[in-house]
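Same chain, two partners: subunit A is paired with subunit B first, then with subunit C.
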Partner chain A sequence: MNRKRSIVFSLVRGLAAILIALAVATLLIFISSEGESLAEKLAATGDALRQLLIGPLFRSSGGLNTKNLSDILAAMIPTIFTGLGVCVMFSANEFNMGAEGGALLGAFVAAMCAIYVPMAAGIHVVFCILMGAVACGLMMLIPALLKTRLGVSEMVCSLMLNYVVMYVISYLMNAHLSDKSKGQIQSYPFESTAQVPQLVDNGSKLSWGFVVAIVFVVLIALFMYRTRWGYAIRMIGINKDFAMYSGMKVAGVIVLAHVLGGVLAGMGGGLEMLGRYETYAWRSLPGYGWTGITIAILAGNNPIFVPFASFFIAYLDKGCNLMATYCGVPNQLIDIIQACIFLFFAAEQFLSRYRQRLVVKSTQEELRLKAASVEGGESNA
Partner chain B sequence: MLDFLSMVFTIDFFYSIFRITAPILFATLGAVVVEKAGISNIGLEGIMMSSALFGSLTAYWSGAWYVGVLVALAVGIVLGFVMGFFAFNLKTDIILTGIAMNMVGSGGMLFLVRVITNLTEGRAMASTTSLITANLQIPAVHIPLLEDIPILGPILSGHSVLTYLAFILVFLTWVMLYKTSLGLNIRSVGENPNAASSVGISVIRIKYIAIAFSGAMAGLGGAFMSMYYAMGWSQDMVAGRGFIALAAQAMGAGEPLGSMLAAMVFGFAQAFGIKVSAIGVDSNLVSPIPYVVTILGLVVFALVARRRAKHQHSAAALEKLASKA
Partner chain C sequence: MAEARAAAENSVEEYVVQMKGITKVYPNGIAANQDVDLFVKKGEIHALMGENGAGKSTLMKMLFGLEQPTSGEIIINGEKVNLTSPTVAISKGIGMVHQHFMLVPSLTVAENMVLGIVPKKSGIFIDYKKAVEITKEYSQRFNLHVEPDAKVMDIPVGMKQKVEILKALVRGAKILILDEPTAVLTTQETTELFKELIHLKEQGYTIIFISHKLNEIMEITDRLTILRGGKSMGVHNTRDVTKEEISRLMVGRDVVLSVQKDVAKPTDTVLKVRDMEYVNEWGKKMLDKVSFSVRKGEILGIAGVEGNGQKELVDMLFNLNTPNAGTATVNGENILGLPQRKIREKGVSLVPEDRMVFGIAGDGTIEENLISDRCGSKDLNRGPLFNMNAIHDSCKKLIEDYLILCKSGKQKVKMLSGGNIQKVVVAREFSNDPVLIIADQPTRGIDVGATEFIRKKLVELSRSGIAVLLISADLSEVMELSDSLIVMYGGKIAAYFEDTRELNDEIMGEYMLGLKRQPEEQVRRVCHE
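Presenting the complex of A and B:
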């Protein structure tokens, strides 16, 4: 199959996955919509769908809604990072699910540094986020070393670690670190020097973290496709035995993939915490890790596509929120839509007949060309 | 210290181990069978959540607990087939299929419970805790004779029907795996699908059976969670038990009996945590104990397995030397 055809195929396939997910969503919205008669229900469904698909970008008058757009971009900050982290780990064929706990840990450590380690403006925020990233990288050493040394499943180990991290942080907050003068469990406010400056000041919390995220997309893409280490990670993901016999230090590279994934997830958590909030008040796992997995799948583990996938998910999320606000459809619909897209995107055999047809067509064309050139050659002779 | 021990290790502490172990044990048995067929199903968590919801809802609608349990079982099987369809027919990576199932299980079910209760009860509820009343709870069984034995009686008797079923199923699963042709097929598909297929076993059919079995087990575990362990479905109620089941499977070397013991270690750790927090220790400090124990258990298991492999290796080498001499 030539290059153009394979691009067409992946586009068609992606669109089909999204359409199926939207069809499922429409069905669910229809079931949940209010209304006495069928017509009323249909109208309500149409309304909800409009909010979901068009609402995030355009006002009802037709103009571009910049506030919503900046909301979406702001929501992309943590998920770009977790998405990149998952990309790196999944590229090595390591199913580490710890980005979830990692983002929480990164946010917590960054927040603590922002409160208890006063520093000069400028360095402070960088220091906080780096500490969060380092803490998370160290956390990923646990599943990485257990996997490479003892063969313990990194998946189960990292899933368990998520809960451990969550409860230990809850304990620390409850017992030692919370601001007792407040009604709910929250930390003392961050030092102003530790806050990530905002890009636009409209309440969307679109901070410079977004720019950092985009820079990291480029850096990680270069790392994965232009360095020895990135090559080793990808090669191990494709064929571990081959990589080992060709002399790569497989264990070391696997540890590197886990730690780098962790560093990225922790950085995302830290940037989100210091860019969006003034105190630490997270009570449970933030969900960015799971979203990161969806994003990595949509991006096909290619860092360059991560921001697009992240934008897509943030857009849908915003749409679901609008739908919940204006049409009364519960916003957890996003999870069902995500799961559907996810399943069909990752399905190798999805639309395989269509691909088959494309392959056949390409081959026939090639054969015809060959035959033509052979004939042409004969007539010349 | 002795005071502390006598406060923790009471009769109801040992009783609670069985209660806490049961839902994990169901999921663990599912994990054992499905792993034997060479599939790792990390969607057990999501299946448990989904069947817990539908079990509690149908129990409420029908007014009978057993309807709820049967529906939970059926939902588990159906979701197992759905996972199978994506994983085996559409060739989605099985891990990703599991993750998608977990998304449906957490957020998706919260969506559904809101929508469904809005339609049937007239208000959108975020949990079904108000719907499940004591008479819809899975009933407890008092075993005559056994319950009269001091200490042992109150520990082993008076559990719910499903608790006993979980432990009986350990034996039945063992029988199924090692004494029936289905079990042989499942094991052979897991060990070498090509060899299995060459002797005429339909690999995909066996895989479907295995994943549906794991779904059924997770379904029973879910029913136990929402209709006995807790009253009704609420978000995040399964709290990683599906994942712990995978760990228990690995710790038990994939055998039904060993995995049961591993699941009980987890039950013990959690019962201990609950007891200690009742004495006054911060519950957030004891809640991670089961998860830490799971990681430690995996490490210990890996060390033991590695050591055993080394021993076998050296024993084989010695034998070779001896036979040469």
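Presenting the complex of A and C:
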């Protein structure tokens, strides 16, 4: 199939997935919407849909809503990192689910460094985030080494590890590190030197972390497609036996993939923590790791597509929040809508007949062209 | 083609299978068949010939309901059919024996025979006795001898094939498709199979026979259809065409079927294997005191029926498995138990038997597959980054040198035909300055053109001073290419022939089937110091 047709197909397919999901969403919103008569219900549904689809970007008056836009971009910071981390791990065909606990650990370690390790402005924040990243990288050594040395399933191991990390941190916070003068479990405030500077001043918490995230998208894309290590990760992901036979250090590269994935997730957690909050007060898993998995799948494990997938999800989240706030649509609906979209995106056979028709058309054209050029060549001769 | 169609319409009853104007486009855009016609008469053995990638398998998959044609029609016994699944095809009397047997190794022959059509006792229990009876009955009727109570994993390849044929017959097949049935058989087994096939033909069964081997086609078939590049090159009466004509129609040019090579002048010993022993996980001794040497500038062939220790031997040499005893050195240095990277550093290259498992990463591009063993080399890297231009240039050169047919180096390897995939493997393995090349079944299941190319390359490399160890189940290939040759049987070296020139199939067959064995001293001569 030629390039143009496959792009057309991808677009049509993506659009169709979204449209079907929206149809389902519309139905659900309609059912749950408030109103006495049919007309009222329809109006409420229309209002809710408007909030969902264009609310995140445009004011009702029509102008661009910069506050909402920066909210969305800010929400992308941690999920770009977890998405990248999951991309790296999944590319090696290693289904590490630990980005969730990783983001939490990264945030916690960064926060502790921000409180207890005073440093000069400028390097303090960098140090905190690096420590968070390193801690999370070390954490991923557990599933990685268990996998390569003992053949333990990395998926089960990392999944459980999330909760180990969460409860250990809970214990530390409860017993030793919380600010006892406060009514809830929270840490002492971060040093001001450790805070990630804000990019815009509208209260949206869009910090320089966003710029760092975009830089890392480029770096990780380069790493995966332009270095021997990224190449080894991808080849191992495609065919481990082939990689071994070719003389690659398979176990070492697998460990590298886990650790790098962990470093990225930890960095995302750290940037989020120091960019958005002033004290550490998380009491459960933040959800960024799960979202990272979704993003990696939507992006097809290609780092370049991660910010787009991340934007898409952040946009949808925002839209649903607006719906919940202004139209009384239950927030849980977002899960249903998201599930519908992913279902159709992930379903390989979705629209496969349409694809086959395009393929046949392309091939036939190609064959005709070839035949014509052969005949042409002969008549010239 | 138009005449063929007209002729077919005149005498419709004559044909049991009519495939008209079949076109098949796969989801990856490859047009495997373009307007292909296949007309098979009742009670004939009809050969379907063509290089790999010519579309034979695709055409047969459609006839067996595994794939559906994009356009065209299939008529069986005068009735237009829509073969949506193998179940439908079987109900129309079509049976297929695949190249790779579809049997359950841990079950007995009789159990395999009735799989899916199990005779029941009082509706619940499996009636094993009945299964054995059915097996015996069919086995006698068609003169295909099998042992109903033996487990499939314990029986020889030849018998497995008979089980497959019987399986199809039990299910009521009148039209049998045999996909390269002789690829895994010895000369003797092949002769036996041919007798059985003729017996079937005499009883009114129709056989479609897929093969690359011209001799066999000439010997057994009545008519033949040749495919090339997804198109039909016409149908011929076998007795009216010569081998040379067939191969020209298949390849589109004259093929040199025998390799020209001058006498080897072997020098220093490169690979030295001594007293290698291996007992597999089921306690079977697969390698029994195997000792041999390969010298610079020679091709040492290992012949033998598959499953006599060749695979295990190669596994040991490339550390895919660990021997129980013995040594192996390359230029005096041990290679056993080293990581593959170290083995490659010592100059050992391997063309693996199973190219899809070890040879390639199917979802990777051609370029990615060509650099897998050298991705860390200075030439291809600039600091921490790949030097994309250098990679592109060196791959482009390999693609040209090794005649890999592709749109570009960025194409996915799995989109290529079998022969071209093998050329990718060979291009990589031959181009990393090896001192020893282990070529394990280097031309299995690939087309004549690619086979010829790879064989020539092997000879060329050996004459340039590289030691070559060639393992092949294709008898004519080992005999033709090797300078000297060992035969493996039951994990032992059964014979050593210093000069392959006066050998023939008959002598080889006796050693390969274990009927004869050379005395120890004679075999020991293969150990050069």
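In the analysis below, the second predicted complex is superposed on the first by the 376 of 381 C-alpha atoms of A that agree within 3 Å, B and C clash if a C-alpha of one lies under 4 Å from a C-alpha of the other, contacts with A are read in each partner's own complex, and residues count from 1 in each chain.
Please note the rule applied: contacts are C-beta pairs under 8 Å (C-beta built on N, C-alpha and C of every residue); 3 or more make two chains touch, one makes a residue touch a chain.
The structure presented is a predicted model; accordingly, all values stated were derived computationally and were not measured.
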Subunit B versus subunit C as contact partner of A:Leu146, first or second or both or neither: first
First, second, both or neither for A:Leu343, with subunit B first and subunit C second: first
First (subunit B), second (subunit C), both or neither touched by A:Arg355: second
Partner with the higher number of touched subunit A residues, subunit C or subunit B: B
Touching partner for A:Leu28 - first (subunit B), second (subunit C), both, neither: first
Touched partner set for A:Ile293, first subunit B, second subunit C, both or neither: first
Subunit B versus subunit C as contact partner of A:Ser192, first or second or both or neither: neither
Subunit B versus subunit C as contact partner of A:Gln332, first or second or both or neither: first
Overlapping contact positions on subunit A, where the subunit C interface meets the subunit B interface: none
List of subunit A residues in touch with subunit B within their complex: 28, 31-32, 95, 97, 142, 146, 150-153, 155-157, 159-161, 163-164, 166-168, 170-171, 174-175, 284, 290, 293-294, 297, 330, 332-336, 338-340, 342-344, 346-350
Complex interface listing, subunit B residues touching subunit A: 40, 42, 86, 89-93, 95-97, 99-104, 106-108, 110-111, 114-115, 118-119, 124, 236, 239-240, 243-244, 246-247, 250, 282, 284-285, 287-288, 291-292, 294-295, 298-299, 302-303, 306
Contacting residues of subunit C [partner subunit A, same complex]: 25-31, 34, 70, 318, 320, 339-341, 343-344, 350, 352, 357-364, 368, 371-373, 375-376, 380-381, 384-386, 388
Footprint of subunit C on subunit A - complex, ascending: 1, 222, 226-228, 231-232, 234-235, 238-239, 241-249, 352, 355-356, 359-360, 362-364, 366-367
